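Per-chain residue numbering starts at 1, and chain names A, B, C and D are given in the order in which the chains are listed.
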Amino acid sequence: MIIILKNGAKAESVRDLEENLKAQGVSVNHIEGVNQNIIGLVGDTSAIDVENLLAQDCVENIRRVQEPYKKANRKFHPDDTVIPVRNTVIGNGSLQIIAGPCSVESEEQIITTAIACKEAGATMLRGGAFKPRTSPYSFQGLGAEGIRLLIKARAETGLPIVTEIMDSADIDLFADVDVIQVGARNMQNFRLLKMLGQCDKPILLKRGLSSTMEELLMSAEYIMAEGNMNVILCERGIRTFETMTRNTLDISAVPLLKQKSHLPVCVDPSHATGLFSLIEPMSLAAVAAGTDALEIEVHNDPKSALSDGGQQLTPVKFAEMMEKVKGLAAYMGRTIGK
Amino acid sequence: MIIILKNGAKAESVRDLEENLKAQGVSVNHIEGVNQNIIGLVGDTSAIDVENLLAQDCVENIRRVQEPYKKANRKFHPDDTVIPVRNTVIGNGSLQIIAGPCSVESEEQIITTAIACKEAGATMLRGGAFKPRTSPYSFQGLGAEGIRLLIKARAETGLPIVTEIMDSADIDLFADVDVIQVGARNMQNFRLLKMLGQCDKPILLKRGLSSTMEELLMSAEYIMAEGNMNVILCERGIRTFETMTRNTLDISAVPLLKQKSHLPVCVDPSHATGLFSLIEPMSLAAVAAGTDALEIEVHNDPKSALSDGGQQLTPVKFAEMMEKVKGLAAYMGRTIGK
Amino acid sequence: MIIILKNGAKAESVRDLEENLKAQGVSVNHIEGVNQNIIGLVGDTSAIDVENLLAQDCVENIRRVQEPYKKANRKFHPDDTVIPVRNTVIGNGSLQIIAGPCSVESEEQIITTAIACKEAGATMLRGGAFKPRTSPYSFQGLGAEGIRLLIKARAETGLPIVTEIMDSADIDLFADVDVIQVGARNMQNFRLLKMLGQCDKPILLKRGLSSTMEELLMSAEYIMAEGNMNVILCERGIRTFETMTRNTLDISAVPLLKQKSHLPVCVDPSHATGLFSLIEPMSLAAVAAGTDALEIEVHNDPKSALSDGGQQLTPVKFAEMMEKVKGLAAYMGRTIGK
Amino acid sequence: MIIILKNGAKAESVRDLEENLKAQGVSVNHIEGVNQNIIGLVGDTSAIDVENLLAQDCVENIRRVQEPYKKANRKFHPDDTVIPVRNTVIGNGSLQIIAGPCSVESEEQIITTAIACKEAGATMLRGGAFKPRTSPYSFQGLGAEGIRLLIKARAETGLPIVTEIMDSADIDLFADVDVIQVGARNMQNFRLLKMLGQCDKPILLKRGLSSTMEELLMSAEYIMAEGNMNVILCERGIRTFETMTRNTLDISAVPLLKQKSHLPVCVDPSHATGLFSLIEPMSLAAVAAGTDALEIEVHNDPKSALSDGGQQLTPVKFAEMMEKVKGLAAYMGRTIGK
């Protein structure tokens, strides 16, 4: 950490600051510049509060040198994390395809869709039981019943199930779920993250609409700091000024997160673009960029869907897309699923 | 609502769509253009699912005509909402000053700060008991003990207390709080919003870092749809590409939210800018733009603060600023407090 | 175009508005809603000024139905535009690789780099002669001499040359250039666009840092409205809140621009990411998403480069990357170059 | 400047880097950390190329300590710059009101509007002769004739005139203009900035839609580096995800630019918001935040305006607003005009 001192900072207050820093266990290097003096801190600066430093009279600014995340940091854990999910794994070089409807709507809908997804090559089943909706007047999901139906669909198809938690109070309902998803709006619901850190299930952590990659990694750190190392990072589009797509899918997050962290990465082109015509090309792009998994919305009858109809693929379209995804994955030497 | 049809849409699927829409209780107006045909819907379109429409074969795009919020909409409630807060009110043309530390840290700290804030002219006391922090390694607040200390500080000063809830499971701890704050990161924690809609306390609802004003109003709608009409909207800076300030304080939200909605509006320049040198000018700007309240971070000793030291004012600086705020408010014919 | 009328708009001012619109050659459809009346315009609305409509007393808002671009619009020109560039073409399904240094620095540098690029599989040579730099104290390019050196490098290698124009006054210097590039900062330099519309050279038009796809298409329209149909659209990253990458490469622009327009699309991962470790994965992603061309910065000695060292590939790294790009292109049935 | 070295950087390449840096005249301080080694540079680092450093094998990242602007930097020029404009000045603590139509449309229009603006209290006249328009099919301004009409309006009213240059080739047409405006889209048209740096007229430099404050100051530096110190910085809204306003007016730029720089600051609420109902509150907010000038669009007949009708005030509305602006300015101890 680098502390940039104010011009004309009083020697006394600089001395006080340095004493205070040394007391926190870091060593202090003073560099006198022509226009500006700086202090370089050496040691473990993760406990030092940047905001607190900024409140000191003599401090103009701070520049961090080290990443604030440790457990999620590839520097300290060079090997890829491989996460077991029921009968398969994520992060071992294979490509996982998580497919299914935006919302679970009925037994028939989820089972029909699950079977179609599996036939087309999906390796896991997604489906929303608790749905975060912008409007209180929109369909809010079937709740616990939705999870029960997903479990039925798993029994029918063998596909592990992925579904979203919206509130820490619901945690017990997820006891028999295979992967717990944290939605973009909850990426910084720190209480929820801590609670998920205390279970041992894989967590699919979606990047917030306006969250930096560093913040995503810090949210993973929240889960890992509590002991659960099974975190899958998910890029699902960020909010920008562009209005033609719902969000802007940041595919550069795939290689960059994998450079910075050892955790596996998933891409969700359905929510990112909101346009079904973009799902195939963006899925192929994500695979080419090295994603470990894709999460794709598929509905047996999008025209009648209770939510997000505009971005859900029909089983036929999904199957067509999967042919291309399988081909590309095979060309790149990657297996679909385990 | 306007439906833009695809070029070459089949007459049959357009007819099916129109039948389906009529069945939902809206009337249908077909306009044939040169390059494009459109359908105009008349009636209550709030139940019509845009995403579902976008999934229809014959639909190219949708343009909404009406705002999706109703209870928060000034069109249907022309008069300003005035919200009682203990012994005072927000929204009646007065200017409320909510001041206090980022976090409650100790009895001495909160009481000393509360007394200083009151002397300088603050009309309510803020203080964080549950703190959302980006890093799991940062101070996370005193929790229930923090609320207990706030209540002590209220007993000492008479100032109503404002503090943030982070999880619906904590709701009982807030029984004796005067205003419950929902932080920016929880603005779309819909479960929490619903629960707060079922109590009758004033809710200070902060705009999410990347939330549009319409989304803020939709989150207010969540609370109001459950029966609690006492919502205060709070602008606290949005995330942009600018890095010199922590966020960009969108002061235009003050007059615009007041045009679109009847709810009172608060501005938080401390979190928005993250720079204490900007708090006074931005507070004055917010008052000039018509805000109903300011929320300002004040700490008896910012250099030792456990969180957000860089943006908290000392009591002396706050008192200096308040002189200017009082003067400007008086010039504009507005009283401080009731 | 849809005009949303204010509640309580006077019948007289609505009548005046309608007369005025009819006089502009469009026909007018009045739809009476429950809470809101709207007017639908049919005909060629491209001449109607939205801002002017918004100034009318009775108008609350406007919703456009048609795209404002015509010549660049695929609706009116369904076939792909194929643009001849010297001895090759862009847009016919092949993949063009435009490679070379950020800046032309010397004869030796550009010729060495050009030969290395060609050997690795590049099909065109890029190099900056006029360099837009944020700081007036940075290297600003060799100017006319830079163009002369590019022409020498073309003579040596046969590669067509691509270089950026910064000012309409320089147009004559570009007489022997094969593709004229318009940089992101000049995407809305409308005078320059008009002048380029009057020549017949291919124009590589880069998307502005904060320009929507629609604005990019409108800038293409400026060139095309003057008669030059040879426009290549280039995605080079947009400005977002993310700071780990220089900009956010919006790969969804590739399929979406190709859906909306018949013009070929190029992707520049070098400027978008600013990180050489991301250039290979983002190039592969762009190819998978269907780009017609890649523009890649390659320098024979990036450590000594006078500009943008951090994002330029060495010839060795570029050759390694090209092996993967060639393989992927071949797998997708696309030839490199003609 | 701080250089963060890669873990495991070779001693030899670090030594080479340090030699190279010393040769550039800076002194080098090596700090060995636990996980990371860093190099602190002391001296004039403005000539050191950050991108070039990033291309070195041993470098992981760079943190700048000093601002890259010098002539625009208040650190080196503590006193406010006061800029003479014909018979008045900007930057001496007074408040200048620059008012007039978006575009000059006719002699009658500009003279009628100018007289009305002056009567209401405006101190300078604005009007566009060259108009940057997103669509090639929109009105593009009267060009040279527009400037001639502005000069006539000045003769009639005595108001100094402010008008925008779009292309360096037009510079001679601006010989008799009082303040040359550079529009947001041209903020990084570096060739134009250099040319304006060689004249001695005041330059009103608008912040680009997606430009940081630092970039705005760097563009001012371009003008100043050529010798023209008369630069007025203008905040006119930045592009964000919010769609209710055209742009987001960043009022925090007013106090922050004045802290960082000695140059005067202007605010343009008309372009920022695009909504006439917001112009009065945002003007008052800007004055409260300390702006040196306001630029407001006023049109004698907005309903017939050839451009930007939706954001232009009528003379009556402008006069009403000016009453409040004058009152607030007087309360704050500031004169309108000289």
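Methods note: a contact is a pair of C-beta atoms (placed from the backbone, for glycine too) under 8 Å apart; a residue touches a chain by one contact, two chains touch by 3 or more.
All values derive from a computational prediction rather than experimental measurement.
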Report summary line: Farthest CA centroid from chain C: chain B
Requested in this report: Looking only at C-beta pairs in contact, point me to the busier pair out of B-D and B-C.
Outcome: B-D
Query raised in the report: Using mean CA coordinates as chain centres, what's the chain B-chain C distance in Å?
Result: 39
Report summary line: Distance in whole angstrom between the CA centres of chain B and chain D is 31
Query raised in the report: Multi-chain contacts in chain B: which residues touch at least two other chains?
Result: 210, 239-241, 243
Query raised in the report: Within the complex, which stretch of chain C touches chain B?
Result: 2, 4, 7, 29, 31-36, 38, 40, 42-44, 61, 63-66, 75, 210, 239-241, 243
Query raised in the report: Mind pulling up the chain C residues that touch chain A in the complex?
Result: 210, 212-214, 238, 240-245, 248-252, 254-256, 259-260, 272-273, 275, 277-278, 281-282, 284-290, 327-328, 331
Query raised in the report: Touching chain C in the complex: which residues of chain D?
Result: 46-47, 49-57, 68, 132-140, 166-169, 185-186, 188-192, 194, 208-210, 215, 218, 221-222, 225-226, 239, 302-312
